[in-house]
Amino acid sequence: MKRIFALVLVAVVGILLFSGIYSMEGFPRYGEAEVSERVSMSYIDKNVTRENQEVVFGVSENLETGSANIVTSIIVNYRSFDTLGEVTVLFVSALGVSLLFGSFEGRLRSRYKPNFILRTGSKVVFPLILVMGAYIFIHGHLSPGGGFPGGSMIASAILLMYLADEDFRVRIDDFKKTEGIAGAMYVLLGLVGLMISNYFLSNFLDTGTVGTLFSAGIIPVVYVLVGLKVGSELTGIITDFLKGEVE
Amino acid sequence: MNSLMVLEIMVALLLILLSLLAIFSKKLITAIIYLSIVSMLAVLSFALMKAPDVAITEAVIGSGLVTAVFLFTLFSMRKEGEKE
Amino acid sequence: MIQYAGIMLILIGIYGLLTQSNIIKIIVSLNIFELGLNVFIISVGFVREGIAPILTSVNNHNGLVFVDPLPQALVLTAIVIGLGTTALGLAFARSIYRQHGTLNLDEIGGPSNG
Amino acid sequence: MVNPVLLIALPLLLAFVSIVFKAYKNNLLVFGTLLNAGLVLTLNKGQYIIGGFQPPFGINLVLDDFALTGILIINGLFLVITLMSLEKLEGFASVLLVALAGLNGLVLTGDLFNLFVFLEITAITAYILSSASKEYRYAFNYLVLGTLGSGLYLFGLIVLYAVFGTLNMADLSVKMAAVDASQLVLPSLLIFIGLAVEVKILPFNGWVKGVYSGTNSLVGPLFASVYAAGMLFVFGRIFAQVIPLGTYLRTSLVVLGALTLLAGEVAALSKTRIREILLYSSIGQSGLIAALFLSGLVFVAVMQLVNNALSKAILFTVAGQMADSTGTDEGEELQGAFLEHKIAGVGFTIAALSLIGLPLFYGFISKMNLLFGIFYSDNYWLPVVILLGTVIEGTYMVRLLVKLWTPGDEGIVSEKAFATERPLTIQSSKVMGIVVLSVVLLIGGLLPAVIQDNLTDSGSLLDEVTPAYLFDLKGGQ
């Protein structure tokens, strides 16, 4: 009965969604979005005053944002406030998880004993993944990636160590400290922007030439902070989830 | 161009099929694995829609860490967990 | 095509939320809902002739046709937020399991969702 | 000039710092709430841009009369409630700091997606706080419904973005006003459902019963007054100022709000536990305020919202304290409880009577304005529904007050007078907080001009349903 009711309801919602969305005037057909009629056009032109200007990779200098990756320029410059909020969401859910698991002791153990090759192999791979993660968040303004995937990669390196070594423990307090300090630095960076140019989170450093490593003002700084913060938060979440009675 | 469209349609159909399997599977562990595959397919569709940043993030977070956290949860209560 | 799949995934997720009583399955449904939403958001900014919104030494100026970068930035945020809620939900699941010894909401007797 | 972004940034900064210096996190919370409450008094109205990119390209904060009222209420009540129940903080100090930042962001932001982010921040803190009762299944239920709701909100705003190409509220409201309203039904409905979960509108309020009925003297007033006020302000901002609704859709949503009002009040009538009575009353009030916002009566809706927030802060504090110290909040067992706690009792009575809308109290002023406002807007069935709701509300509130003020069957007031196992104690910090809030309600009732002028530039919102902060978007394009 419940299933039939649910099916009918979902069918009705589905018909409403499909007919509603595709009957709207101006809703773009799939693959035919009119980017030039959206605010995004200014993000691509790197100029919100809508003066036509040419942006050329490796040539243009001192633009509004120096990031070659346009998505990154939106995340860390144009909509940086969202990113601060996003970091906060992860922060507060990690906090909630650790509050819920506060009373748990010990560590879960798997039925399968990791063998020698796995243990040695992961010890070799571990630093490689860490370097890879750091590379991703430092180069976030040039190539796909950035603070979030970079930080997650660091956390997954630690996850690998957890899986490969039964006695592996991280000192969770250090991670909490990193998390707090990185978050506080992000907000402070915003406040410095507020003092220098009267806008919270403004890009107050030189933006340099598009396409070079030191080119995007505060973007690499923010991404390093976000990467560290996300990495330590996710490590915290994983450590909390691995807590439990020793069976 | 044409082969890309065929690929898109295949990815779309697989997305729907596998998410149905994830919802209807009896065992929790299979549901989680199907969810992980759906997430991988979403990564593919993000890549097809020219969104490399999103694809990387979804690959690391969506199908990597989320699956791990799901499995740890299940793992911590596996005795009852596998019966549904 | 992929846009339709996104909407279908949203519907499948809602159906799962309405019918499932197992907590893990509810969180799986929620994840499918969010995935569908993310696919839909990206598809809204897709341009078939467009290229990925990154300037490189090959695609080196802003006069080219790019896909819409803004939905991509929004989805990045949404993915991370989804991870946060999933982790919290699973933590709740484990606490419920410790409290009641079951993952089935019908057996616990709370108000069912939906 | 103080930038209102500090109201969001400083609590966040303190929250991050509180993780590093764990031992001082309660002190940091008190410092943060005091700081915010102080900062609110120094703000100037206007538009504040974040990051230096002009809207609609960058994110902006909008501080008009509406938002100013919102942050005054939120920061003021947050301060009072936190100070009243410091002993109940447990591990939640950092979470509360984030909640404060999130609530301020909700009311201040002028960007729809930024609103989504703050909605999620606020909602996640609410999920965590609702687990304070150790009833995890209710918290989980809330989490599922809340996540689904904000997902639908996101869906709606993406459809709007696909059509109009912008996320800025002011820009969108201009562009949407130029389109036939029937084109906007789907995104409006999606956004409505998304917010209705948090605003507690039927039939999306399934989570409220479980979550509210187990709250303690910290979480209860926070949810029922601060969170409820924040969410209602967002609802008002979007549905009275940003999204234009067609006639049919508007009427049906107003009917939904009125139904929520009636259903809530009728359900409250049949309950005996104090917190359950109050939670259904909260649902009813939310329905009423939402209906007023949807009818375009922004000013009276804000008045009613303020009245509800102030009253519910007192009511839930007392009810939560009863449950915390005696282990029960069953009306029968607490007969005559106020005879020993006269100050708290008087505060509770003032709050209850103000909620009903009796003269002498702020609730009277707001209810009168409300009824006249609706009559002038040529709507004749809504006042009838509201009066009916008020009568029902009056019935159960007075019944409850009589029960709490008169001794039980034995007729003697002693420690055995009420049938609870442990005696009722109310800390002096709570009594002081209750006195402060009651005085505000009394001042509002006796000298309405004082509150009115301070909360809103009186009348400016009444006449203008369109946002006062519209700026020249075409400039430069």
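All chains are identified by letter, namely A, B, C and D, in their written order; residue positions are counted from 1 within each chain.
Simple rule for what comes next: contacts are C-beta pairs under 8 Å (C-beta built on N, C-alpha and C of every residue); 3 or more make two chains touch, one makes a residue touch a chain.
The model shown is predicted, which means the values in this text are computed figures rather than measured ones.
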item: Touching both subunit A and subunit C (chains); value: B, D
item: Cα-centroid distance, subunit B relative to subunit C, in whole angstrom; value: 10
item: Centroid distance [mean C-alpha coordinates] between subunit D and subunit A, Å; value: 32
item: Centre-to-centre distance between subunit D and subunit C (centres being mean Cα positions), rounded to whole Å; value: 29
item: Cα-centroid distance, subunit A relative to subunit B, in whole angstrom; value: 19
item: Multi-chain contact sites of subunit D, meaning residues that touch two or more partners; value: 113, 117, 120, 124, 127-128, 131, 136, 161-162, 167
item: For subunit B, residues contacting two or more additional chains; value: 51-53, 57, 61, 65, 69, 73, 76
item: Where subunit C touches two or more other chains, by residue; value: 1-2, 4, 8, 10, 14-15, 19, 43-46, 50, 52-54, 67, 70, 72, 76-77, 79-81, 83-85, 87-88, 90, 92-95, 114
item: Interchain pairs in contact, sorted by label; value: A-B, A-C, A-D, B-C, C-D
item: For the subunit A and subunit C complex, residues of the former touching the latter; value: 2-3, 5-7, 9-10, 13-14, 17-18, 21, 28, 30-33, 35, 38-40, 43-46, 54-58, 68-71, 74-75, 79, 82-83, 85-86, 89-90, 92-94, 96-97, 100-101, 143-144, 146, 148, 210-211, 230, 237, 240-241
item: Residue ranges of subunit C in contact with subunit B within the complex; value: 1-2, 4-5, 8-9, 12-13, 15-16, 19-20, 22, 24-25, 27-29, 31-32, 35-36, 38-39, 42-43, 45-46, 50-54, 67, 72, 75-76, 79-80, 82-83, 86-87, 90, 93-94, 97, 101-103
item: Residues of subunit A that touch subunit D when the two form their complex; value: 16-17, 20-21, 24-28, 33-34, 37-40, 42-43, 48-51, 64, 77-82, 84-86, 88-89, 91-93, 95-96, 99-100, 102, 176-177, 179-181, 183-184, 187-188, 190-191, 193-194, 197-203
item: Parts of subunit D lying in touch with subunit C, wherever the complex brings them together; value: 113, 117, 120, 124, 127-128, 131, 134, 136-141, 143-145, 147-148, 151, 154-155, 158, 161-162, 167, 206, 209-210
item: In the complex, subunit D residues that touch subunit A; value: 3, 5, 9, 12-13, 15-20, 49-54, 56-59, 91-92, 94-95, 98, 101-102, 105, 113-114, 117-118, 120-121, 124-125, 127-128, 131, 136, 159, 161-168, 179, 183, 185-186, 476-477
